[in-house]
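Shared between the two complexes below is subunit A, which has subunit B as its partner in the first and subunit C in the second.
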Partner chain A sequence: MTMTPKHLIGKSNPMTVITPVARWKRLGTWLVLFIFRHLPLGIVKQLAFIHFARWITIKREDLPRLTEDQPKENWPYDLYLFTTNFNGSWDQYIDAFGRIESVSKGLNMLWYTSSGFPGPWPMRLFKRYIHYFEYPQYLYYNAYPGAAVRDIDMALQLERKLDDFVARTEKPVDDREFEVLFNAFFDDVAPNLGQTGREDVPTNLEHRAQPLELSQ
Partner chain B sequence: MTSKNSSVNTKDVQGIFKGFGLKWPYGRFFYCNYSTADAGRELLNRLAPLTSFHDVSEAKSKICINAAFTFHGLKALDVDTEILSSLPPEFVAGMQSRADINGDAGESAPSCWEDIWKKHRVHIWVGVYAETEGLLQEWQRQFEGWVSSQEEGVTIIGSQDVSRLVSRKDQPVYIEDPASQPQTPVLLEHFGFRDGMGNPAIKGLVDKHVAGSGSLGVDGKWSALPTGEFLLGYVDSNGEIPIAPKPQSFSQNGTFMVLRKLAQDVDLFRDYLSELAGRLDGNADDIASRMVGRRRDGTPLIKDAKSDFDFTFQSDSEGRQCPMGSHMRRANPRDSFGEGFGSLLVDRHRILRRAITYGKLVEHGQRQAEVNGDDGQGLMFIVLNASISRQFEFVQQQWINYGNEFNQGNDRDPIVGLQEGGGQMVIPGDKQRKSVICDNLRQFVTCRGGDYFFLPGIDAFCGLAKG
Partner chain C sequence: MTSKSFLTALSPIEFRHDDPDGTIAAIKTVLLTHEQENSPFRNCPMAHMVRLQVIDQLTPPMGDVSGASLKSRYLLFVADIDGSVDDFLDCLYRVNPEFVRSVWGRCLGYPGYDAAVFFRRYIHRCQFNNPLGYAGFPESVEDILGALRKKHLLAEWIAAHQGLDAASLQQAWQQSRASFIRPDTAKPGSLK
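Let's look at the complex of A and B:
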């Protein structure tokens, strides 16, 4: 049962995964994250259903306390937080992680220090691991619920092409010339013209957010 | 006997997996109910032995019988709790309860389905495929005689005639452009397009057209899809034996079957395209082929296609040849999801289609009412897959009734997608052809009923018959 207010739900799904990292692996984790911050990650850009993906460590001594008099935790692990937004379905998202070799190599590194991480292959163990450490979102705010990353990509392309068309037709042109310019513009933007906005059926989103391949 | 290089015992797989094709072009489906487990087992014993994949390959028999169970059909047989509790939730729920996921709303809503699908009365689907109409009649006469001789329990609650359509030069199916008529005989569906081309090549079972129908590796090489994607008990494309009902003897060589009666509104389809083409000064048959994603005779729209089967979408990332939103591209996107991924993000969602048409062909210039009256025409859409939720439902929800992955926003499949008014499909132009927006798409295809079935292996079926 999700407490997420329905009116905030849009076309993207949030995912938060918190895994434990043994304290003696802190340096290793830091090193992995350092390397990843300085790597060109072109592959992720091709995976247009990922809005963003972020990994951070929370040191065991820095666990948040509500007030000063709340006793400090003596928790044996650092926490490793992965947070992401994606379009499409849960399984598809994780499938892309495991099935695309360059991504799965990267993930193997990123979660390498997390306790019990089975590696991205075989897929079922990987999915179980992610699902086990996944936390429900009790509040999720979505500023553009009717748009997915691809929708925004398309809209940005359309805007650029439209500005260009407006500039070309600013000076007076005759009807024939306008027709030629307009048809060229229309052909140019045709791949960007899908209809966007929120979907009518909210259960679609809930269904997509459910992992399908976990049991057995 | 197993086929070459195969670990699959094809004598234990039902014939529909192979497909009945033109050797057995006359079919009739019987939807039956049994009121007690004993009555059910009597029926199973009457139907056995089912026709196997091997029998179909050898083309031995003149008539083929296959059968599959709904969840309520298995339950009514009083099978072990172990089996019932290990069945996947979507199969237990049945297709009606999954209407939101499948986009069965509006005219396709379960409340509008044919009466037999209401109240879970269909327990078993019996598919009979025969060489001649006469053989089919004779089988039906004997079967009905047997049913009425049973003291209690077995009822035929509905039946459906099905048959194959083959294109002929003297039987035009085009809308306006005679040049779009298929020149060689091809298997047709009612909108006048070649049917049954998108099926996967499966390791050990279906070795036709591996290039184009299999899985496309990142190295650009094609290979047959692993057996376990379609048949239970084998390794799948994740390198694992997929989730299956227990015990293994029940699920081995079985699979899940989706059956949907899809009515095709041929009049509406042709009228819509004539009106659109007239308004935009276009070619109705060319627009239709862009909506479908192939020419009427099955020729792909991709210019550098090596054959009718062997092509990729690599040279067409914007859909200027084969539109991103076309039916074919949505149902089997191949390498549409990114350079260098091959079909990696598609392989887990392939389906084996074993559809067959019903009703007579409506020729160019005819109206549906004069051909088949109220019975209409359409397709008995049959899908075989190892997981209904991962394969059929995924395709239906993510690719058919949503356009996100194809950069098409919320736009839905122009042929089989749910249309609720105001839906569109964009056909980007190229240098020779203007771009077209098919606006205000109509519901050309409507779901009239169906359910999720379990299609057991031949041995498992005998096991169920024994009880």
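Let's look at the complex of A and C:
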């Protein structure tokens, strides 16, 4: 794979995986995605480290051909595109998908029609499969790079409590009473005050390199 | 709560193997120099996460020795946004038309006219719809940044006013209270 410079800061990492799907499995892929669109995906929310994710099938004949001189593609497979934005390391992310039973079952269904998919277990083969079909990003943008999913969840919970406290303290009260109120508020929100910003150890940073094609 | 859109688009860039005009390298350079702090998406308030990548070639299944390959190279544009795709594309063109021209303007089939409507139409031609999308939060970018800002302000306030007696604490709170109602949020794309 071409070595690509990355400049990833903050707590979220992107991943793009494009797996091939044989044409005769097209209906099966459509059916799986149709079923999952009507499922709540609550287990994904419980994992609490995925900001956004998508699965989409691109039929081979739908690859855009926008000029007459652009040759027609004869790529023999449909493209099954998976993009995700997650927190933590790549290994932690893939581990979670393989080690949690309900998640790994769903994963098995979602990638079942991809050619050569070995299943979520054993983990070594699954990781090798994902890594084999992974594609690097050249531009990645995150509107809140210093915040993990848990940070955002904590902040949203805190905001509700803070707004309530602000409303309750609109008028001054007896100092002792205020102290009791404030201490109760602080005890309630203390777990929500985790720090956001740059990670201490940039585990997701890769060393800079200049690919040959950029040295023209 | 805001509706979310999952934009997925593939635009053909170049089909000539040796890329004689240096189009691929030029696009890659533009992308690499417009990441995070320098990104035009910072001025698109509806953009949660965006990625752009050049697909030079697709990987066939393991064991496929047929030699199958793509004839063109493609630009993959993936964005997770609030609201509609059209509003996002219009915003992107409005805040940085030069970025749009230097990226999509170099792609095959991009019209030779300068206006947001042509950019929008071009992306529609390249777009793939109906993904299975997952969003961790229903809140908008503004809501999330607002909540993060309040958290940051409160943590700072508490650290600065530790150890005060009850009267001083209430006095300090009454002076600062209004700043927690609608604080200025950080610009999207900031680390804080």
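Following the convention adopted for this analysis, the second predicted complex is superposed on the first by the 187 of 216 C-alpha atoms of A that agree within 3 Å, B and C clash if a C-alpha of one lies under 4 Å from a C-alpha of the other, contacts with A are read in each partner's own complex, and residues count from 1 in each chain.
Convention: a residue touches a chain if its C-beta (ideal position, glycine included) is under 8 Å from a C-beta of that chain, and two chains touch if they have at least 3 such contacts.
Owing to the predicted nature of the structure, the values given are computational and were not obtained by experimental measurement.
In the superposed model, A:124 makes contact with subunit B only, not with subunit C. Applying the stated contact rule after C-alpha superposition, one finds that A:31 touches neither subunit B nor subunit C. When the shared chain is aligned, subunit B and subunit C each come close enough to touch A:193.
Counting residues of subunit A touched by each partner, subunit B versus subunit C, the larger count belongs to C. In the superposed model, A:151 lies in contact with both subunit B and subunit C.
In the superposition on chain A, no contact is made by A:184 with either subunit B or subunit C.
Shared-chain residue A:79: touches subunit C; no touch with subunit B.
Judged by the document's definition of touching, subunit A residues 151, 153-154, 186, 192-193, 195-197, 213, 216 lie at the interface with subunit B and also at the interface with subunit C. Contact residues on subunit B toward subunit A in their complex (touch as defined above): 100-101, 103, 105, 218, 238-240, 243, 318-320, 324-325, 338-341, 344-345, 348, 387, 389-390, 394, 397-398, 402-405, 407-411, 420, 423-424, 426-430, 434-435, 437. Residues of subunit C touching subunit A in their complex: 6, 8, 10-12, 15, 22, 24-25, 28-29, 31-32, 34-36, 39, 41-42, 47-56, 58-64, 66, 68-72, 74, 76, 78, 80, 107-109, 125-126, 128, 130-137, 139, 141, 143-148, 150-152, 154-155, 158, 166-167, 169-170, 173-174, 177, 180-181, 188-192.
Partner subunit B is touched in their complex by these residues of subunit A: 11, 46-47, 49, 87-89, 91-92, 95-96, 98-101, 121-124, 148, 150-151, 153-154, 183, 186-187, 190-197, 199-201, 203-204, 207-208, 212-213, 215-216.
Residues 2, 5, 7, 9-10, 12, 14, 16, 18, 20, 33, 36-37, 41, 44-45, 50-56, 58, 62-67, 69-77, 79, 81, 83, 85, 115-116, 132-133, 135-147, 149, 151-156, 158-159, 162, 166, 169-170, 172-173, 175-176, 178-179, 182, 186, 189, 192-193, 195-198, 211, 213-214, 216 of subunit A are the ones that touch subunit C when the two sit in their complex.
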